[in-house]
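One chain, subunit A, links the two complexes that follow: it is found with subunit B in the first and with subunit C in the second.
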Partner chain A sequence: MSSLLDVRDLVVVYNTPRGTVLALDGVSVGLNAGETLGIVGESGSGKSTLGLAIGRLMPQNAYRLSGDLVVNGHSVFKGDDENLRILRRDALGFIFQNPMAALDPTMRVGRQLTRAVGRRAAPEKVFSLLSSVGLTETERVFHSFPHELSGGMAQRVAIAIAIARRPQLIVADEPTASLDAWLRDQVLELLLSMCRATGAALVLLSHDLHMVSRHCRHVAVMYGGRIVEYGERETVFHRQAHPYTRALLRAAPGAEGPHGRLNPIRGVPPILMERSTCCAFASRCDWAVNQCLDERPEARWLDERSVICHRAETLLAGASGT
Partner chain B sequence: MRVVRFVLFRLSVALLTLFGVSIIVFAAIRFVPGGFEDVVLGPFGTPETREAVRAKYGLDRPHLEQYVLWLGATTKGDFGTSLTTGQPVAAEIIRRAPATIQLALMSTLLAIVVGVPLGVASGVTSTNRVARAAGRLVGALGASVPTFVLGTVFVFVFSVWSLGVTVGGYVPFFEDPLANIRAMTLPVVTLSVFGMALIQRTTRDSVLNVTSETHITAAVARGERPPDIIRGHVLRNASIPIVTVTTVFLAYLLGGAVIVEQMYSVPGIAVYVVQSVENRDYLVVQAGVLLAATFFVSINILADAIYALIDPRIGGQRRDS
Partner chain C sequence: MNPPVVHLDSVGVTYQSRRLRDSGTIAAVSGVTLAIERGQTLGLVGESGSGKTTLGKLCLGMIRPTQGTVQLNGQPFPRHRRELKGRLAVVLQHPEWALNPRLRVGISVAEPLSIARSLPSGKVDATVEDMLSKVGLEPVLARRYPHELSGGQRQRLAIARALITHPQFVVFDEAVSALDVSIQSQVLNLIKDLQASEGFAALFISHDIAVTRYVAHTIGVMYQGELVEQAPASTFYLKPKHPYSRALRLTLAEEDRAAFTFKDTTGSESARGCLFSVRCPWAVDRCFADKPGLRDVEGSRSACHRAEEVGAA
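Entry: the complex of A and B
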């Protein structure tokens, strides 16, 4: 099976008034057609930048320092704008965190959908798309402005827009974070079933490792602009080799300590001004040793997953021991 | 009916505003030292002749009586008679209206036609350097050069080299359209340069704001063509500040027209009202100022209506098709 998405040692920086900030510090990851990949990390981990980079949609002040990102054999960083536009239109679909903000507030939903399907799209096609994402009052939704919809309805519309041209890859950045809790599973289920129905691969970005490993076959954990652990969900979820993955799971609601309190990860995520010369997580890590502060860990293949940690063996041994 | 209530509310506020303006202008023109009798008789008038002039035109009556009489007549559409010419004020204003209306319309149109594209060009970062530089130049120069300086330069340059336009020599449009356009070109350009700058800057800022919104990123992500994104998503979302600044420009026009009409000998209302202040032609000044206020109040109501048309979230009421 040919690789649909191939990210090779991608380094992306943001130019800010206070200097350049490293958002992606050498990310390598791949995805085959029809597969699902969940990318997990705190805000500032670089996951949103990675998601945007798939369509080269980063803000103006971001640029690629090195590496490459290839979709369907086409690099999004090399090649002309028109090819990139066609790639975005036909091969990629994006779903954003806040569906209301992702829709043009001054244009009726029907017209926005029609534009997404194609200029001369028949209204029937648009209506069937609306009902395929579980919207019932398609006539009313068609003639509504985005602010007349509920958040859940708007995200369904956004999903309809994303799948309108049957893309091979859908990138969804926290697609349910802005929705009411009782809607999240519904909308996520819808997104996954639409991906299955159209055969699209899915990149799901989230801070929720539990949710991601329920729905995605592969899981990548991001920290400090790097993918610190990557593998199949059973491997990563049940036998964590990276202290950060472990801390994420322990910090999640539902994994409270003996007194019913959450176990937050101490400290804050780093803002990198340049490629880190040590382990970016070392200052927050319970397992850190001198080597972690002196030597930049590189990706290694260990026990069926890729991991970036000097102490991975110790962690795995400890995990299997208890 | 929220719409009807809204309209009624705005209309009553507008009437109240105009009522206030009528009091202020009536009082202000009478507070100015020297009255109509001084203008007519000059410095050598005797108290008796001055009193005779005042009595002849009814200026000796109590102010309140004069005001009530005037307001009553005005509400019936009678603006009275000019003290200096003896002609009806309405006729005098209507005679001068076409020149001013033409000046205002053409200046606004030119300011929008030049300002909006330049603003979009300098707001959309993907456009070429020349367009962005042109936008910046118009924005900086136009906003900082006063109208009378620009007008003086134009008068000088185009008096030496005609280049197809005439300095002064106004002809009504319907008498000789070509000569009219040749005479109106300089006044219109002079007046609109400030508007171009104002609109260019506002458009640029507004476009910059809109293009950083998520729904524009979403449109790019859908692979829409850049011109389609600008026409379909950016312009409409960016246009509310442009409408606002255009109304600001229209308010500026009221003052700017005085300078430009004077400078290029355009026989318009603005310069006529100013002359009437000097002549203490009370009724002309009162009618002129009230007219300007009506114009501005209407423009503001119109702008509010346009806001609601541009952005469906404004106004709040459902508009099912």
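Entry: the complex of A and C
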């Protein structure tokens, strides 16, 4: 199986009035055709930048310092604009957090969908697309403006647009964050079944580790612009080797006992102005030792997963924090 | 025994439809009866449009019920809202709504004190400092502007502003929904700790069930403006007694979802029967003909004809 997505040591910075801010600090990750990858992290961990970089959709003030991102054999940073346009049109699909922002408020849904499918597309094709994403009143939705739809319906339309040209890779950035808790699973299930049906690979970005591990085969945990832990979901979810992965799981409500307490992660995520010379998580970490402050940890393979932590062996051995 | 801090008795609210050709009314809340005691939190869950926020506004006296009565400490709401100053507070989803972007946050936090005039002006600064440290912020942050702070810090400030007059009752309307997981748990712990020390009664509105379970003592489930189940938080998650609660819980528990699918909801509601019957996999003929009222079922209250069977399943 050929590799569909290949990110190699990618470094992306934002130019801001206060100086450059490092969003991606050397990210390497790959994805094969038809697979699912979940990327988890807090706001500011760089996951959205990575998602946008897949289509080279980052804002104007972002640029690549080093590394490369290859989709389907084509580098998104090195090819010319025409190749990039064709790649975006035929190989990639994007779904964002707020469906209302993704849809044009001045255009009826049907016309937007027709544009996505292709100008000469028959209306029947658009109707079948709408019913394939679980919308029942396709006639009404077709003639509606986005503001006439509920959030769940609008996100279904956004999914329909993303899959309209049968892309090989779909990037979904918090696709269910603006929906009711109870609609979330329905929309995610739909997204995954559409991916299975069209054979598309999925990159799912979220801050919810539980949700990601329920739906994606591979899980990558991002912190401070790096993928600090990556592996199959059973490995990462049940035997965490990185303190941040463990802290994320313990902070989320849902798993605590009747009178248990949540264990929030102390401190706040860092804003990196340059490549970190130590472990970016060290100041918030219960396991940190002097080595973590002196030496930048590098990715290594340990117990079936890739991890960036000096103390991973200790964690896996089951020692508790100091 | 003291009367409950907030007591709603078969309260209903109808809104006039604003569509041009439609002169009908929409019942946002109908027939809700509940009470919140001092030091207790009622968690309110339900999907968008189920009336959660309207119920919160009712409890704060921001809107008046079209049916039923709302009582505060056993008294009806006073005619003039200024008599209530400092006794009620609200924390909303976006802290930006509580903080003036052009004022230093210390001034925003002190504002309720000067409106309530409950404190000599010489003591205001010390009180603000004290409050900031209670919500886990450095007192120096009082001199910052809202945009200089992170989302978690701003929500702590919104909580500080709400609690500075020591209110008896606080509504948290989606107060942690916009925060990241790790910051969310910090704020949830803060709310729990402050309630333990201040003893206010609280209404915690959220569509996230895991979050609600963590802070609430009692859980109320709203569906289309009606309270369909009310139960202690501990038993609610083990044995929900309403099919809708069961479905909501499935979004929390790692259970076989396939065993519980909702039916298509495009049809209109059953006119005489249970509002939920058209979506309910448990529905029998009786559910479509006869509207169930809230009744006591094994320590909970549930509005379902088949509550016992649902609870046992």
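Quick notes on this structure:
By definition in this document, the second predicted complex is superposed on the first by the 314 of 322 C-alpha atoms of A that agree within 3 Å, B and C clash if a C-alpha of one lies under 4 Å from a C-alpha of the other, contacts with A are read in each partner's own complex, and residues count from 1 in each chain.
One rule holds in what follows: a residue touches a chain if its C-beta (ideal position, glycine included) is under 8 Å from a C-beta of that chain, and two chains touch if they have at least 3 such contacts.
These numbers come from a predicted model, not from an experiment.
Once subunit A is used to superpose the two complexes, subunit B occupies space next to subunit C without a clash. Of the two partner chains placed around the shared chain by superposition, neither subunit B nor subunit C is touched by A:222. Contact with subunit C, but none with subunit B, is seen for A:137 once the two complexes are overlaid on the shared chain. In the superposition on chain A, A:27 contacts neither subunit B nor subunit C. Of the two partner chains placed around the shared chain by superposition, subunit C is the only one that A:264 touches, whereas subunit B remains out of contact. In the superposition on chain A, A:248 contacts subunit C only, with no contact to subunit B. After overlaying the two complexes on the shared chain, residue contacts for A:288 are found with neither subunit B nor subunit C. Here the smallest spacing between CA atoms of subunit B and those of subunit C, following superposition, is 5 Å.
Judged by the document's definition of touching, no subunit A residue lies at the interface with subunit B and also at the interface with subunit C.
Taken in their complex, subunit A has these residues touching subunit B: 52, 55, 57, 59-60, 85-90, 92-94, 96, 98, 101-107, 115-116, 143, 145, 147-148, 158, 161. If you check the complex, the residues on subunit B that touch subunit A are 125, 212-215, 217-225, 228, 232-233, 236-237, 310-313, 318, 320-321. Residues 42-43, 136-137, 150-151, 180-185, 189, 207-209, 214, 247-248, 251-254, 256, 258, 261-265, 268 of subunit A are the ones touching subunit C in the complex. Subunit C makes touch with subunit A in their complex at residues 47-48, 150-152, 180-186, 188-189, 207-211, 213-214, 234, 247-248, 251-252, 254, 257, 264, 266.
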